[in-house]
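Both complexes shown next keep chain A, but they swap its partner, so chain B is in the first and chain C is in the second.
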Partner chain A sequence: MLPFILKRLGLAILVALTVSFISFSLLFLSGDPAAALAGETASGEDIEAVRVLYGFDRPMLVQYSEWLMRAVRGDFGESYYFKLPVASLIAERLSVTMILGACGISFALLTAVPLGVVAAIRPNSIVDRFALFLSVAGQAMPSFWFGLILIVVFGIKLGWLPPSGASSWRHFIMPTVVLGYYAMPAIMRLTRAGMLEVLNSDYIRTARAKGAGEGRVLFKHALRNAIIPVVSLAAVQMGFMLGGSIVVESVFALHGAGYLAWESIARNDLPTVQALILIFSMFYIVFTFLADVLNAWLDPRMRSS
Partner chain B sequence: MSKDMTKPLLSVRGLTLDIPLARGTLHAVRGIDFDLYRGETLCIVGESGSGKSLTSLAVMGLLDKNIQRRAERMDFDGTELTRASNRQMRALRGDRIAMIFQEPMTSLNPAYTIGDQLIEALRLHRSVSRDTARARAVELLEKVGISAAASRLGQYPHQLSGGLRQRVVIAMALMCEPELIIADEPTTALDVTIQAQILRLLVDLTKEMDVAMILITHDLGVVARVADKVGVMYAGELVETGPAAEVFGKPMHPYTRGLLRCIPQPGMTERGGELGTIPGIVPSLIGAVQGCAFRTRCPHATEACGGEIPVRGEQSHRFLCVYADGARSVEGEPA
Partner chain C sequence: MSVKKTTAPLMEEITGPTPRQILRKRVTGHTGLLFGLAVVLILLFVAIFAPLLAPHDPYAQSLSSRMVSPVFLGGTWEHPLGTDHLGRDYLSRLIYGARVSLLIGAVAAAISGVIGTAMGVAAGYFGGKVDAVVTFLINVRLAMPVVLVALAVVAILGGSLQVVIGVLGLLLWDRFAVVMRASTLQVRRREYVAAAQAIGASTSRVILSEIMPNIVNNLIVIVTLEMAHAILLEAALSFLGLGVQPPTPSWGLMISEGKNMMLFEPWLVLIPGVVLFMLVLAINLMGDGLRDVTAPENRS
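Then we have the complex of A and B:
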């Protein structure tokens, strides 16, 4: 198990370095940063002055290593727009996004996995049909529209939940449902398909032949094997929720990191965009790594390969 | 637990299995009877699709939900299996009736060590400590010929070869000292060299531990070596049952004789001569099935074969045929 973890960790670090280089290069890919900073009316001399001031005149690799060293220590420079340290700007927003992401994926897993299991035990039953309906509806319905419907019904008509903001746990209920419902269909269908396949396998028949009860057969013998692909999918979904919950954050006016990214792109605030891309990518890398470790624990065949 | 040796351990009468399909009902098993006494080995032979595996799953109560099981009697040592509750069946399975499946590569759970799976087999039925169960697992792994048994407990199925896995499966079946083992083609998926070893092991262990066995196979060579009793299955019927020596020495049903001609026999088959084949294919069992199912392939079929087929022979060696002698005289076989 340990060699496997070290191998995966090494791989994750390599990917992280590559991603960091790409996100650093964005600065140069999007045109001359000095010219952009100096503004439209700046003269050639002004631009050169800005170039020297920000160090853009030095070799790119030198700038990259400096930027990386600072980034590792949590220093992402100063936001062009807010004139504040990017790190503190993001830290403030990230907590909202992380709470939302954690709630979203938990909601998705807690509804999708049980529903998928029940649907697989009784294929074509009413529960299965209901689960299918839910997943089709979830896949077909845009998040912003579902969010608005919830706001109209529960926020305004019934007045049960606050329609926007992030000041209490009640503010997170509707965003969690919307974000979780986005991830739920894929997880549900993967769980159902996995369980259906595993329940028809020989080792399940062996477990029954040993005299194991249905609960034991389902949860000890079947689910552990069926859940393996679900873990990988959930890791990707989790990464997506942390980085890409822009729509949900906008609809519910939750000013999280996704919303900040969107704003910063619009404002050409490159240090902030760079830092956010780096952080979002790190989330993906960390979750993928954790999913690999979890899968290796679940499936011994993965450890030896 | 009564150990009455005069009564069969397992007595099956009129076992019928129907599978409803879109095109009609498939009569997969049609009224079979057999008795199995303690310590006996019954071999059920027949072609693929003749209903052998379904019969074994029917005894275990592990049939798919869509298969309809009916029987006049399925008595296991006083328990009527057709009326047993799920709980009763679960208590029997793995404890008093164990099963060994065909595919060792897939019949062990890939996510658990073989130790976990062996220990589970015992602890599902006996309230013993993990250590006791572990000791029993090591003992049985040694019995099935696995070296360094204690260190194997921590291994996963994918780390073992097919032959080793089947040894583990056999050990698992023996964990609770069952009275009956149903082995469904336990060696079919293995290399030919391993097949003989595993079969010998299984037979030796069942004899040593006085376990009755239903061995399902399509390999007549295997049957000749290990069977006390033979049941020849064709298209869902046991067309001939009897003590192995009698069935092999004096096969009554034309199908049994056809099967025996398909295998070379030492001293009987001429070198360079042709082995027998049975022409034709197994008939469809969908919809109403009447008369002898073998009549479409039988060289001696007459009008009468489409009607009611009488049960012939004495109590221990019986066969289904319109000919009183199973057409032996027609074929010029000694009566």
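Then we have the complex of A and C:
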């Protein structure tokens, strides 16, 4: 188990370093970051002053290693727009996004897993067809559009839920649904496929032959084994969700990290954008690492690959 | 009175249906595939012949006829789907919007398909270090939040059709690489590959004429899925104001422009959204159907 964890950890660190380098090099994508920062009306001398002030005159690798060293200590520099430390800006906003992500994945799991189980127990039944329809339609629905429709129907026409903001738990209901439904199809399909496979296996027949009750067979014997791949899928989806929060937060005006990302991108606030790309990536890397370790613990066969 | 059958059995009665007949039967019996194919073909037709089909110029503004209701909400046939906040004919913009969506979807999927297939096939065929590098790159790519990176790059380089296509093409190759790698791994160990290698076929020949024809089914399925993915992402980027720029008629942009008036004129948001949903749904159904028909064993 330990060699597996160490090897997997090494991979995670290498991936994190590569991602950090890519997000750092975004700064140089525009050509000259000093000229971009100084503005269109700046003279050559102004640009040169900005270049020295921000240290853009040094070799890129030196700048990268310095940026990384500070980033590891939680210092992402100062926001060009807010003139505040990027780290405190993000820390302030991150909790909203994390609550939203946790609610989103919980919603997806709590709806998709039961649907997948029922669909597998009764293949081709009405529930199975409904689940299939939901998964096909869900994948095709643009999340921002779905959000707008919910706002019009439940936020305004019916007036049941607040259309925007983040001041109470009721504000999180619609964003949770919009963020969560996107992960549902994949989780449901995997649960259904896993349950179908497990239910046809020999040990389920053995369990039934021993006279175990149907509920015991389904939940203790079948679901426990079918759910293993769902764990790692949920971790991957959770990582995607944090990235997807940028769309959902801007639709519902939830002032989380996703909304901050959108604001900073629109304002060319590169230090904030770089930090957010790195942080969202880190969440994904940590989640998938934990999921792989958990999987290897639950299923020793995974440890060899 | 019935004539007794005395002739010898026909060839097909002995051999059963040919593979082509089986395929045809599977295609015509698959409602999802037929529906998806029909919708995609109709929208493709609309996109190609947009100048002939659109009743008005999609860019022509008219201050005197702004926010005209569609015909089913009391409007006139002059503007069947009404006009937007600048008085532009909504149906014409919708028709030209099909061009933007399909073009971005097709070209982005083609670019990412070439990148991902090259990486996946190389990883699956050569294994070892090549595989390790490709797997690592896939991991890096998956760790980066697509929407965020795409938005940032478009913001830096400026929003245009070419930039959006390029960014999406360079970001969406991960699924191609994953699936093509797995498919190549399966095919690589077959006898016909070993036979081709034994008679001295070059590596490129083995890959192009022995491996590729046997994994192209899976490739087509991923092309459709990624095309749908690219279309949805373009709409989301344009909706957030960092995709295709106004006044280009993009469905995502139309939803974004209609959003401020959606309380009073919900159809401004509903119409482009429904069309976008239908297109993506159709492409996905087509992809799922193609998989069921060509490789039913891969169904999950």
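Observations, loosely collected:
We take it that the second predicted complex is superposed on the first by the 300 of 305 C-alpha atoms of A that agree within 3 Å, B and C clash if a C-alpha of one lies under 4 Å from a C-alpha of the other, contacts with A are read in each partner's own complex, and residues count from 1 in each chain.
Simple rule for what comes next: a residue touches a chain if its C-beta (ideal position, glycine included) is under 8 Å from a C-beta of that chain, and two chains touch if they have at least 3 such contacts.
Here the structure is a predicted model, which means the values were calculated and not measured.
Once both complexes are superposed on chain A, the partners chain B and chain C fit side by side without clashing. When the two complexes are superposed, the chain touching more residues of chain A, out of chain B and chain C, is C.
After overlaying the two complexes on the shared chain, residue contacts for A:Pro142 are found with chain C alone; chain B is out of touch.
When the two structures are aligned on the shared chain, A:Ile156 is found in touch with chain C, with no touch to chain B.
In the superposed model, A:Ala34 makes contact with neither chain B nor chain C. Residue contacts after overlaying the shared chain place A:Asp299 against chain B, while chain C stays out of touching range. Once both structures are fitted onto chain A, a short way to say it is that chain B and chain C open up an angle of 80° at chain A, using Cα centres and rounding to the nearest 10. Residue contacts after overlaying the shared chain place A:Val177 against neither chain B nor chain C. Contacts of A:Asp202 after superposition on the shared chain: chain B is touched, whereas chain C is not.
In the overlay built on the shared chain, the residue A:Val19 is in contact with chain C alone; chain B does not reach it.
This overlay, made by fitting chain A, leaves chain B and chain C with a least C-alpha separation of 16 Å. Across the complex, chain C is touched by residues 11, 14-16, 18-19, 22-23, 26, 29-30, 136-137, 139-145, 148-149, 151-152, 156, 189-190, 193, 236, 239-240, 242-244, 246-247, 250, 261-262, 265-266, 268, 273, 276-277, 280-281, 284-285, 288 of chain A.
Those residues of chain C that touch chain A in the shared complex are 32, 136, 139-140, 142-149, 151-153, 155-157, 228, 232, 235-236, 239-242, 252, 255, 259, 262-263, 266, 269-270, 273, 276-277, 280-281, 284-285, 288, 300.
Of all residues in chain A, only 201-203, 205-213, 221, 224-225, 298-301, 304 touch chain B in the complex they form. Here chain B touches chain A in the complex through residues 60, 62, 90-95, 98-99, 101, 103, 106-111, 113, 120-121, 124-125, 156, 158-159, 169, 172, going by the rule given at the top.
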